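Below are structures written as structure tokens.
Shared between the two complexes below is chain A, which pairs with chain B and chain C, respectively.
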Partner chain A sequence: MWHWTYKSLLAQPVALMASIATAASAFLLVMVFEAVYAGETEQVVAYLSHTDADVWVMQQGVSNMHMATSYLSDSKANEVRQVEGVASVDQILYLNTVVKSGNQPWFSFIVGLDEGDTRAGPWAMAEGKALPTAGEAVVPVVFARMTHLALGGTLRIADKQFTVVGLSEGTFSMANSVIFMARSDLEDIMGSLDIVSYILVKAKAGMDPVVLVGNIERQVEKVSALTTKQFIANDQTMAMQMGVETIALMTLIGSALAVLLVAFAVYSLIARQRRELAVVKALGASNRSVYLGIALQATGITLASIVLATVLALLLMPAASALIPQLTLKLTLVSVERIAVVGAVVALLASLIPARQVAQVDPLSAFHA
Partner chain B sequence: MFHFVYRQLRHDAGRTMLTITAMAAVIAVILILEGFNEGLLAQLRNTVISRNADLIVTQSGVSNMTATRSVLPQFTRQDVEAVEGVAAAYPITGIPMIYQRGQQRTPISLLVYDSGGGANRLLTGIQPDKARDIVIDESLADKYSLTVGQPFVLSDFEFRISGISTGTAAFFTPFGFIRYDDLIDFYFESDIAADITTFPMLSFLLVQLDNNADRQLVAGRIEDAVPEADVFTSEALAAQDEALGSALMGPVFRFMINVAYVIGILVTGIITFSAVNARRRDFGVLKALGFSQSFLSRSVIVESFLLVLIAIPVGVLFARLIAAVFESVMPLYLILASEPIPVIRTAVASLIFAVLGSMTPVRIIRRLDPSAVFRS
Partner chain C sequence: MENETILSCDALVKTFGSGHTEVRAVDGISLQVGRGELVLIMGPSGSGKTTLLSMLGGLLRPTSGKVFIDGNEITQLDESQLPRVRARSIGFVFQSFNLLDALTVEENILFPARLVPASLESARSRATELIARLGLTKRRTNKPGTLSGGEKQRVAIARALINEPALILADEPTGNLDSANGQEVMMILHDIARDEGRSVILVTHDPRVEDLADRILWLEDGALRDRKTEQHSWVHDPVCHMRVDEWTAEISTDHEAQHYVFCSQRCLDRFSLEPQRYISEEKHTPGQGHGA
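On to the complex of A and B.
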């Protein structure tokens, strides 16, 4: 049976290649879509993941950052500083709004930093300085490339203009791009003084962040505190609703098409061998052998398609990222494995239809024609 | 010729159906993906247009309505209404909020209005007319199983749902509509913030003009009278919001759509090729029976053309059905899956690639030795 499986597949090289090409195209579609989804999912919380804080403190009732409105009097930072187990605190002001560079609008999260606040600022720089002072802004390098913005260039928020002094790495995502400026400038834009949005708390060595959260909520009135891990999880859930969920839906639809195409490719190839399989059966092969042979062919086609699709995806993705800097693509091994398993199951199921037809056929019919 | 092609397709009806289904599925998926993009832009456009204003006044330097912070001085309304050609100016304020119930949270946009600018299409219930009334978008009502008359708690402030609106979501965010009378209570009684000066009291003015007033002329007069403001026609502001949506989601969406295009169209070509290639033996027989090379080649091309022509309306139908299912399950999304331009683009591309896909087997047919059929 092994020999027949192998020879039978290679006997129709053009049909085999067409089937593999169809299935590989389907797998490539899903891989690319999953890579977009995985990339955005990770990038959407990049800022929170890179800030050096153990606990986040915010306005009571608020539990994330994305699209949230959190305002506290800046005196709360002093109160938090006094809590047992707190090593240090930093504070940021935060606003989401539309930023304009030239005529290009962009929805951004603006983080207002205090002077010298390295913990809440950008973590990697492509160019320029990381901490802006009054009238200055640090923008994601991807945003700068998109809008042809260089150091010394200007961007606008409402009627205020800022000079770009730094280009940060890793701070850009479709749903969550972060621009840094001085807190005083952001207060000015918002028309409010002495307010902060979030307080970033560093715990003393050996202090459990969960315990620290309890301490802060007990000792400081009208604030919510969350461990960084919980805060990131909350934010990711919220940010996913802003665009990333759409990518998930698109991936789902792409996957449905892929399932159909893989099934079509395998079914077409196996169905073409019905007559040959009937002859094999007439020559004494059992139904079990027929099923096994067909299953092997389906698995072979799936594996070859997966390998081809993976190679193509690995070639395509760097080129796509270079051409479209806004894209964050991430193809994971888990994703490839999942696609391979689902693809193999679909291929096996699709091959069962012609296999069943052959199993039910009278072997003599092969010689009637 | 057509009779011959028709008989060929009917000969293996099962395979013909399968081929049409596969092609239609490819077309449907491309149209659905295009539909997401078109729907996102249409929602942004509709948010501005459905405010029914001749002109919209924003904070100076602000040229978007959605997802932006615009703060106008409180006396701007009087200044604008004093301008010649202005019949009325209706204030609205946009406040981004997060609605939370249990562990579920949803970002919403609270639109505060006076008498103009509220939700213009109610599915059920009435516009807010009593204290603490709120109209919410159907997607929010669906997600949290909310109905008219139920409480709607936002930052510990209890509203009562007076109506549920449709077509009132944009930028992945459902809208809630409340009256200005409730705004101050909401600011003071809710847990929204210790300092309410951080929140805008007036974001935009929706301007109605006198009959026969020139929009551009009045816009210029308003900008002269209120230097802290910019003035846009509804269409211009809608175009700005569309541009924002395009800039933000466009590159990623277009990338995904283009990948689907390339792969889908390639697959259409491969399917056509496979369909013809599978019948090489039949073509050999026909050649042996005296059918000319050019006749068979033309029949193959016509067959592919016909298959795609049938697959296109089926694909559009599939796309509309899938879009309707998605929209009913997730009313936050608008999926415009049968917009003319994407349909035409997809149809033309599919036809071209189907014909190209059938060209290769045409070459195979040309090389076929009719006698070989009888030797096998």
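On to the complex of A and C.
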């Protein structure tokens, strides 16, 4: 039975390839959604991941950065500096707001840096300088390309005009783009002096960041402290909550589409094989073995379409990233494994749908074929 | 050995529909077929021949009555048990061959063996014997699409024999074959019964095979009747010139106010393409009128 199943699947190569290609397009869609999700999940915390800090200190009760507001007196930085186990501190002022370049608005993180603050600034530059002074801004290179900005160009942030002096790499995501300016400029925009939003703490060698968090919260009043790892996790959760439902829905739609397409392919296959199914039943194949044969065909089509979709994804994603730079695509092994699991479910469902059709094939019709 | 009953059925009834629309396709048939016997079931269209054959082969449940194969009642088996009986105990030969297109000649022959656990290895050598015996050696790796009608039916017969079943059920096995191939297939079925001791039940309209049969059963209105030999009205098929009983022939056509009967659909198809050719050939062939 398996032998016939396998050979009859290969006997119609054009129909088989069409089925595989159709199902692969649905899996490719799911993979793109997964890649967007994985890419954005990583990119949304790219800034936090690249700062060289072991502990983040913020306003009491605040636990993340994305869409959050944190105000601390800049004297808190000195207090933190005195805590046992602290090697050094840097402070940033932070605001999330809409930045306009031409008519293009973009939600952004604005980070106000002190002069010489390399730890909290951009970590890779495409062009220009990394640390802005008064009246200057460093913007993501992707943002600059999208809004046709070049070095020396201007953009408006909260009704103040800034000159672009640097284009940073890896600082753009759909949920947040990181723009750097001088802390004094950001204080002007926010109308407050001598405040900071976050204090970035570097621990002394051998100091456990978890212990340091406890030390800071005990010794400095009205602040919250988190290890960088915990801070990133919180931010990732917060940021992705806003997009995860959409991505999950799209993945579900893509998976459902894959089920329908594979089921349709199997259904067509059964329709084409109806005469032969009647014959094999008449010759003594049980409903169970015929059904298992159909399930095997569905599995074969699904597996082949997943492989094809993976190959296409690996080939097309670099091109897609180049064409749509605002999209961060990342195809991970976990994504492929998840899609393989989805594929197994797809194959099962797709072979269940025509099961009734298989059962209804009357072996008696072999006499009338 | 000849007295050993391979197939028997008792008061077999099959009705379709109910109330005013009820049709008794098979009406109380009892039958016994011994080992090595070749039995012909003949009758007009709609007489219930295929219905009877289907019930004997475990493909259709009777409304009432019992069917025994090799002493085992198959009518009491459930749907999950019947396929095994079909695979082990019955060989089917169909009018339209019903070979599996994706498989080679050898793979088609071996297909029923794959349905019976642990029989595949011994079946391989048997397949080789059958291929040689039925003149298919050069076609062993061919797909059905490249075979002639006669070759296809020989493959189907080999497939029916691969599991060495006690019973062969053949439905119009010569229906799609020309005269020479039809004759050859009939001789093979005859040898299967005579030499191998298998019971062969054959539903046919082909009067050529009557001489080969041990018994001829005439089925009409769902019941077996006596077949009177004087009830023949022999005419000739205008295409292959084979002798055809006009009274029982199912394949016929009217052309220019004349009635023509044929031995097979194949001959009718040929006639339909070039009727004038065959009519003029017939006129120039003394003593071979269509008789109608």
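To be clear about the criterion, the second predicted complex is superposed on the first by the 316 of 369 C-alpha atoms of A that agree within 3 Å, B and C clash if a C-alpha of one lies under 4 Å from a C-alpha of the other, contacts with A are read in each partner's own complex, and residues count from 1 in each chain.
Here, a contact is a pair of C-beta atoms (placed from the backbone, for glycine too) under 8 Å apart; a residue touches a chain by one contact, two chains touch by 3 or more.
Since the structure is predicted, the reported quantities are computational estimates derived from the model, not experimental observations.
After overlaying the two complexes on the shared chain, residue contacts for A:Ser286 are found with chain C alone; chain B is out of touch. Once chain A of one complex is fitted onto chain A of the other, the partner contacts of A:Leu48 are absent, as it touches neither chain B nor chain C. By the touch criterion defined above, A:Trp106 lies against chain B but remains apart from chain C after alignment on the C-alpha atoms of chain A.
Of the two partner chains placed by superposition, only chain B is touched by A:Tyr267; chain C is not. In the superposed pair of complexes, A:Met67 makes contact with chain B only, with no contact to chain C. With both structures placed on the common chain, the touch criterion links A:Leu29 to chain B but leaves chain C unconnected. Set against each other, chain B and chain C differ in how many residues of chain A they touch, and the higher count belongs to B. Contact residues on chain B toward chain A in their complex (touch as defined above): 15, 18, 21-22, 25-26, 29, 32-33, 36, 40, 59-64, 67-71, 95-98, 100, 105-107, 155-156, 171-173, 191-195, 197-199, 240, 243-244, 247-249, 251-253, 255-256, 259-260, 263-264, 266-267, 270-271, 273-274, 277-278, 322, 326, 330, 333.
Those residues of chain A whose C-beta lies close enough to touch chain C in the complex are 1, 3-4, 7-8, 10-11, 275-276, 279-289, 363-364, 366-369. Against chain B, the residues of chain A that register as touching in their complex are 14-15, 18-19, 21-22, 25-26, 28-29, 32-33, 36, 40, 59-64, 66-73, 95-98, 100, 104-107, 156-160, 174, 189-192, 195, 222, 234, 237-238, 241-243, 245-247, 249-250, 253-254, 256-257, 260-261, 264, 267-268, 271-272, 320, 324, 326-327. By the touch criterion stated above, chain C contacts chain A in their complex at residues 50, 53-54, 57, 59-60, 79-80, 83-88, 92, 94-96, 98, 100-103, 107, 111-112, 114-116, 159, 171.
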